[in-house]
Structure formats: structure tokens, C-alpha cells
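The same chain A turns up in both complexes below, where it pairs with chain B and then with chain C.
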Partner chain A sequence: MSGNRIPLGPFHPLLEEAEFFEIKVDGETVVDIDMEIGWMHRGHEYISEMSSFTQSIYLVERICGICSTSHPLACVHAVEDIDNIEIPIRARYIRTLVGELERIHSHLLWLGLAGHFIGYDTVWMWAWKYREPVLQIIEAISGNRNHYGIMRVGGVSKDVDPSNIPKLLEILDTVDKKMDMFAKVVNDDPVLKKRLVGVGVLTKQDAIDYCAVGPTSRASGVRGDVRKDDPSDAYDLVDFNEIVLQNGDVYDKLVLRVLETKESIKICRQCFESLKTAKGSIINNVKEISPGEGIGRYEAPRGEVFHYMRSDGTNRPIRHKVRAPSYVNIPTYKASCIGVSISDALITLAAVDPCYCCTERSLTITDINQRSNSLDILKLSKEKTEKIRREINGK
Partner chain B sequence: MSKLEKFIEEMGDKITRKIDKKRRFYFNVKNENLREVSEYLFNNIGCRLSTATGMEMTYGIEILYHFSDDDTGQYYCPRVVIKDKKNPEVNSIVTIVQGAEWIEREIFDFWGVIFTDHPRMEKLLTLNHPEKLDKPMRMKEE
Partner chain C sequence: MGWKNKQLSKSLWVFHVSGSPCNNCDIEILDLLTPKYDVERLGIKLVGSVRHADVMLVTGVINRKIAPKIKKLYSQAPKPIFVVSIGTCTPSASVFKQSYNRVDNPEDVIPIDMYVPGCPPKPEAMIEAVAKLIGVLNE
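And now, the complex of A and B:
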């Protein structure tokens, strides 16, 4: 085996959270991958244990800018689980609605970045353009584009004005049409299929062994969706399908996210329709939390978010455990990256959707003869797509 | 007979202090029985390990595992209590559940619990910390 090792991170455009990957390659094939994390450790659990239950909700909202509904929802579910607190019907629909809108914009964000990584910059720009109306809907509901701040123990803090719903449904229709277009592109484009089918396969057994969650495991044929398995809020009142695909490659992860977005739009429509007529308050007044322990979870766009709260009867938790989906999904690289070519490593890493941002950086590798040279892993990925495109077009 | 009832019957007196809430089942298990219980949950019931929570209590260090049965939405939470805070040690379950590797390393990092037979027992989050950390970060008692 040659001694080539490619460092990726800890600060790399692919990774929004700073993580370090050392990819060992033999020629152009990845033979092993090692990971180190810890650069982004901010002590959220510890800070939460010094805060009141309500303050914890605001705190966990800031763990991730994209999952800023999933964490607070899992957190309030954990507190509500301690005392089996009931939620008013209207609040249940609002929670579900905001959670699904978050899923739509998160999947669109991923779709755009995935397009960018394989040289489909038009997909990137379109996906982000059509993500904008979703953020507008969220802003109309909560007053904010991100960090909505509406989750409370016992309900939500902001109501949806029924007179606004027809207008919001119209905006949702425009997103739905664009998603149909994306679904058609994914289905019809021969270059995309040739580029992504069979790339970065995570087998069903590996997904089970690594305890992967969300689209990462569902694309490998492992069913499991918190919205179906342990339904909270209004998920037992709305009709939707759990999407499970079988191949575990990047293409299936792409298809799964597009189909999930369609399902989310379906759920949002049902929530809007129900909110036109559902009566009652949006929050139950919760004065104190009894001693005990509770588990809260929610199906975030990337998979199950897990929160554990332990209370001693005071106004703050004595233990608050948080586990985000990327924590269990990132180790699956050990299974999915091995055997892929270095030009496919980027999209394989991105397929898990590990919270990344969209700037880019070149990296330096040292080859077996200790000669330094620059290698742009993104450029390699785009060149491979271009080569396939030329082959298919016969040029 | 439900999966939960069968589990309770199969495990017998290996599990104690059982608390059964709606879709949440907490119970205590001794260190020597942890692997057997984990193996039953992972291989027989088909649970997924969500995570494990380390806690420092007055009576010792608690490790609470969270196994999720995705078919029924039921959580199985085995709790191991380590009374010796100075030399905490517990059996690793990585040989049974590959996904426990990072989780156990994080508990080692914060509470200093050594997981025996773990393939890579080193810190997870403070491995590259700029300051020298000579004691587990979350332990309050010396």
C-alpha cells in the first residue's frame, strides 16, 4: 500500500462543523479513512445544565443553524416526557408545520450543494433560489428566517393567522412545482445517474452496525423514522409515507431527499388546512417540572435528534444529553468511502449531509516521493462529471 | 407476548429497578451482565443504539444506554452504576455494537470511565484541546 495520506479539514469548505479526515489512498482509490472531531465542542450540555428549562430551548436552538427546529423540538419533548405533558391540538399542528418547512429548506440546501460538488452549478443556484420561498413562509409564521424561537414546554409561542394561510399555501405550491422539476431532472439525466449510481455505497448491514439514522440509513434499506415510530405532535394526525430505498449509494440518497421533500410539502398542506379550523389555545401553562427523567426525539432532516433530560424538581436540568444525527452518521464514512476513487470521496462525504458550508479551499498532499503538489478535490469531482458528460454526448 | 414482556422474562433477575413509562423502559444492570443484555437488545430485538449518557451522581457514575426499537418506538435504557469514582471501569459494547465507539470514547473523555476491550480508548472531543487537560472535564469531585 502506498503511503499517500490526504488531510481533509479540520477547516474545510465541505465541513461546516470543523472535523478532520485523513484519507489514505492507494493510487486514486481510498483504502482507509480516519476521523477526529472536537474542534467545535462548545459545551452546550454543560451550559444547559446551568440554565432553566426555557433557557435550554433557546440554547439548543443555536446548536445548528439548519436544524433550529429539530433541537428545540426534541428538547421540549424530553421535558414533556418527564411529566407526560399534553399539548393543545393547534400547537401540535404548528410544531409539525415548522418542522416540515425546516426539512424542505434543509433538503433543498443539500441538493444545491450536492449539485455544486459534482459540477452542476445550475442545480446549486436553482435549489437555493427555490429555498427562499420556504424561508419566507417560516418568516411569516415565526418572524424569523432562522432560529424561530417559538417552541415552548407545553406548546408554542406564536400562532398562525388563519387569514394568511391561503397566501402561504400559494407560495408552497410554487415550491411543489419546482420540486417536480427537480424530481424529473434526477430521473431523466443520464449524466447524473452515471455519476452517482453505485458511488459511496453504504450497505444495509453497515448502516445497522453503525446505528446510522435518517436518510443515510433509509437509503440503505433500513427503515426507521421517528415521525412514524414514535409519533409526537401532529404526525399521527397527518398522512405521509416513509421513504425507504435499497441501494445505499449517493444517487439513492439524492432521490430519497427529493421524495422526502415532496412528502413534507404534503404534510405542510394538511397542517395548513387543519390550522384553518382548529380551535383553542397554543400553549398549556406548565409551572413546574417534577423530579424524573425524560427522552425526547425528533426526526431532523439528517435523522433522529436525541435529547435526554433529568430533573431534580428545580427549574433546571441536572443532566441534559444531546445527540445530533451527524454524530452517528459521520462514522459510516469508514464503510462507505473505502474503495471509492478520490474524485468520488467528496460527494460520498457530502451525501451524509454533515452540516457543511459552501466556500471552498484547495489542499496540499505529499506524494510517495515527498514532492508537494496541490490537489483540488472539488475540481477532480467536477472533472469526472464533465468526462462522463462528454462520453454520453459522444464528444 | 410483547417484545418488552419477553425481554423482561428472558433477562430475569439480571435487570433490576425497572421503571416502565410510556414507550420508555429504564432498568439497572450489573457491569458483568451489560454485554449479554446489549447483545439481546441489538441482535434479538433488533434495536439501534441511539446513544449513551454519562452522569456524575453522589453515589457514583451512571451510564445510561438508550436502545431504540424502531419497529415499536420503544426505548430500552439499561443503566450501569459505577461506585468507584476514582477508577471507573465498565465493559465496552463496541464488539457487539460498532456504533458505540464514539459514544464510549466521549464518556471516557468527560468522566474518565475506561471501557475494557474498547479498540481505541482515547479522548474523542478534547484530543486536540489547546490546553493540557489532566482530569476528565465534567468530573466535579477530585
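And now, the complex of A and C:
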């Protein structure tokens, strides 16, 4: 292809994760984009098949640090789906509460990074400043700022003390006020509008064709939210709106996330109010998982996350499959990036809130003409023997 | 550690390398720069290129694909450079011990001077680590 190629990554100052893009430009206009993933592949599915069901929850939590509720929640939904396990009402509210708090902090995080990407660092600093109270609430509930580790098959492991709730609601109020401010800023600010309106448009048809999920598709006018379509936990007990916008540009994605944060705060309030009165235990003790298969879904901040689990009656899954939302959102670059100017390319790449940790797949390229694969296996086997020998000798 | 290192301690510029992490340590590192913790008041600044850096922050279990790139980054860095591993993953592989895609020993890829354990380490722990590093450099 004619035109210049601009490599971006794997270590680029603006990208916090390692990923590699090759942007082909004609003058200043992007004409094609190619990307290479696999820099962060750690083999979760394989490790999960060697771990017990409870260990899997901790493992999938570490797929991605920002979706560290969505993955465990989808995972426990999958295990509960095998045996149709009932969840106590209190646990359902706590799950929803932590899930929504995660959405607030994830959207604020994205808002800040988007500001950083367009060179508007004030937005970055402010968004992250007002993200801290949310982390404070999460720390009060779970004991950790990020990986919460409170999901269990059949419930949750940590309770919310009703006497703390008024204080936590106060902190949530401060976040709510600041979100109102952000909503105003987004409406008024000429800089944001100049940089973002009409940039990186993903049309409705493209969003459908690429099977985009989550805020990426909802900003293009395609509705679809697992919380509404297939409500789990306490989502059928709380009242909230699904936000759908029409234009599909980066500005709409930003507005959508701000509005969604407002909805999440509304859900959190309702959960706190219900937790004041809801009685009962927080976990159903599950003794064993019967053979069978189950699926679990949850609306992560980036879209639908899907887990599949198959059990053979032992204490560990024999198959665990994960599909993260970024896996389907990232190919939409092919539709949204082409035609934008190179200076807008980065914010368009960032607009789908891509999470490369979630989506990493490994790819092996082998030469078909070369038939000496048995040699490689022999070499690998010898290496493995050496490794075992070293471990036995304690070196 | 010599007069050169002592000069570095006035303002450490850090470069952040993600060797297949779960993103969480990286987010916490960025969190350090934002108003609540604001390490820039201590002279610490996140820079865009390893060629400007005094400290490399490595996060995550280093996998086979990224290992050569990290080696290359280290070779590009001006010496002396101090490598700080953030999180439990880099030294001990944490939950990824059984992964087929990790390097056996991260020290083969890059010499690590300092470990900050935690999953993820609290921002306060990272600030303490940097303060200790400055203390060592001033000796």
C-alpha cells in the first residue's frame, strides 16, 4: 500500500499498556490501521483449568485491574448457572453495589485519560481527583482499592455494615455533585467540543456489523445492555435508565459515559438504602458443583463480558472460556479511524476504552513448508526435563 | 553510591514499562501523579521516553513476547538507571506461576534493584519505596 507507515508502540508514552499499532497515512489522513496484540498474554484460561472454582475467581480478577468486579462476577454467574444456585438478597445488593462503584471509577478513569489524550491535562487531574472518593468507598467495603476479592460462588465474602452506610452515602454525594459539574463542563467547554465533535464517527450500521458492545454501540444508537436485557443480581430490583445516544462520535461517547455515571450513582443509592433494611446471610454455602456447563454474563464498564464454564463434578473447571468486551470493540477501529487526521487518531483509538489486558490472545505463526516440528517438541521436552530437574535440586 | 547518584536523587524521572500486567499497578502509578498523592512535588516525573529516565518501573509478570522489547528498552536507557518492580507479579509470578507464556526468571531479562510487593501496592507504599531509593542514593 502507498503512503507512510507510522508505528505506535509497543511502549508509547500515551499508552499505559503495551500494544502495537501501525497507522498508514496519506499526508495527514489515516488510510489504514493494523494492530498486533498478544504482548500481555498470560494464559488465564489454561491456568484456570488447573485451579479450583474459588481460585478461578481470584485468577479472573487479575485479567484486568479496572474490570476487577466484572470478570469475577461473570465467572461466578457461570458457575451458579451450572447448578442454578440461589443467591441471598443481601449478597445480590452488595454485588450490584460493587459492580456499579466499579463502573463509576472506570468511567472517571477513562474521562481523565481522554482529557490526557487530547492534551487537556486539567480534565485528567480533575477526573482522577474525584475518582478517589469512589475508591475510598470501595476500600471501606472490601478492604482494597482495586482487586476487591469479595465475589464467591453463592454470594459474597464481605458484608456492608449498616451503621457505615450514612457515611458512605455522604461520600457518594460529593461524587454526585462533581459529576453534575462534569456534565455542565462537557456541555459548555468549547475546547472539548472543538476536539471531539464529529471525530471518529462509528455509524449505526458499522456498530451492528462489527457487533460492538457497551458504550461503543450505545453511543452509535444501538441499544443493548446486559443489565436491562438479562438482569442478574439486584438489577431487576433497582430503577435506572439505559442511555443511548445517536451520533457515534467521540464526543457522544464522552457524554454517554458521564450520563452513565449519573445512573450508576442512582443505582448505588438504591442499593445502600436497601442494604439498610435487607436481612439474612450474605452467602449460600455450596458444597460441590455437579457436572454440566454454564454461562455467565455481566455488563462491564466497556460492554458485555462473557464467561463459559464446564464442570465434570470435580472441584475445578475442565473448560473455562472468557470473552472480554474489548475483543469485539477493538476491530471497530477499521471503521472509525479511517479518514480521521493523525492527530485525532489516538483519541479515536482510546474512545472505545480499550482494555488490552482483557482481550489478549496468543498467535503462533508456523511455516507450513517447514516440517521439522517434531524437533521443536523434542527441544521443548528437554527444556521441561531440565526445569523439573532444577526444581528438584532446589536451585 | 557516588556523587553521580547523589545528583540523581534531587529529581528522579521515572519511565513506566508494562511487562504484561493486569493494568492495576499501572493505574496506581498514574494515580500517584494526580492531585491526591501528587509525587511531582517530590521531583518525581513520569517521562515519555526511557532515554530521559533515571528509574524504570516494571509491572506485571514478564511474558515471552515482551521480554526482548524490555531488554532493548533497558539497553537504550542512560546508565545508571534503577529498576523498581511494582507489584507481586514480577518477582514471584503470583497467580500466573503455572502460565506457559512467562519467562522463568525476570532477573534474566532485566536486573531489578528494588521490589515493591502488593497486588496492587498501595500508592503510599510506592511513595515510601521511592523515598527509600532517594535515601540510598544520598548515602
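Just so it is clear, the second predicted complex is superposed on the first by the 347 of 395 C-alpha atoms of A that agree within 3 Å, B and C clash if a C-alpha of one lies under 4 Å from a C-alpha of the other, contacts with A are read in each partner's own complex, and residues count from 1 in each chain.
The rule is simple: contacts are C-beta pairs under 8 Å (C-beta built on N, C-alpha and C of every residue); 3 or more make two chains touch, one makes a residue touch a chain.
Keep in mind it's a predicted model, so treat the numbers as computed, not measured.
Q: What is the contact status of A:Asn84 with respect to chain B (first) and chain C (second): first, second, both, or neither?
A: first
Q: Between chain B and chain C, whom does A:Lys177 touch in the aligned arrangement: first, second, both, or neither?
A: After superposition on chain A, A:Lys177 lies in contact with neither partner.
Q: So in the superposed three-chain picture, is A:His41 touching just chain B, just chain C, both, or none of them (first/second/both/neither)?
A: In the superposition, A:His41 contacts both chain B and chain C.
Q: For A:Arg223, using the defined touch cut-off, is the partner it touches chain B, chain C, both, or neither? Pick first, second, both or neither.
A: A:Arg223: touches chain B, not chain C.
Q: With both complexes overlaid on chain A, does A:Val328 touch chain B (first), chain C (second), both or neither?
A: A:Val328: touches chain B, not chain C.
Q: Could you say whether A:Lys287 touches chain B, chain C, both of them, or neither, answering first, second, both or neither?
A: neither
Q: Shared contact residues on chain A, chain B side and chain C side combined as an intersection?
A: On chain A, the residues that contact chain B in one structure and chain C in the other are 10, 38-39, 41, 46.
Q: Can you list the chain A residues touching chain B in their complex?
A: Against chain B, chain A makes touches at 10, 36-39, 41, 46, 81, 84, 208-213, 223-224, 229-231, 293-295, 297, 304, 306, 308, 310, 318-319, 321, 323, 327-328, 331.
Q: Using the touch definition from the top, list the residues of chain B that touch chain A in their complex.
A: Against chain A, chain B makes touches at 21-24, 26, 48-51, 53, 55, 64, 66, 68, 70-73, 75, 77, 97-102, 123-129, 138.
Q: Looking at the complex, which residues from chain C come into contact with chain A?
A: Those residues of chain C that touch chain A are 16-28, 30-31, 34-36, 47-50, 60-61, 63, 65-66, 69, 73, 94-96, 98-102, 104, 119-120, 122.
Q: Using the touch rule from the top, collect the residues of chain A that touch chain C in their complex.
A: Those residues of chain A that touch chain C are 10-11, 13, 16-18, 38-43, 46-47, 50, 55, 58-59, 62-66, 68, 109, 112, 124-125, 128-129, 132, 145-147, 355, 357, 360, 362, 387.
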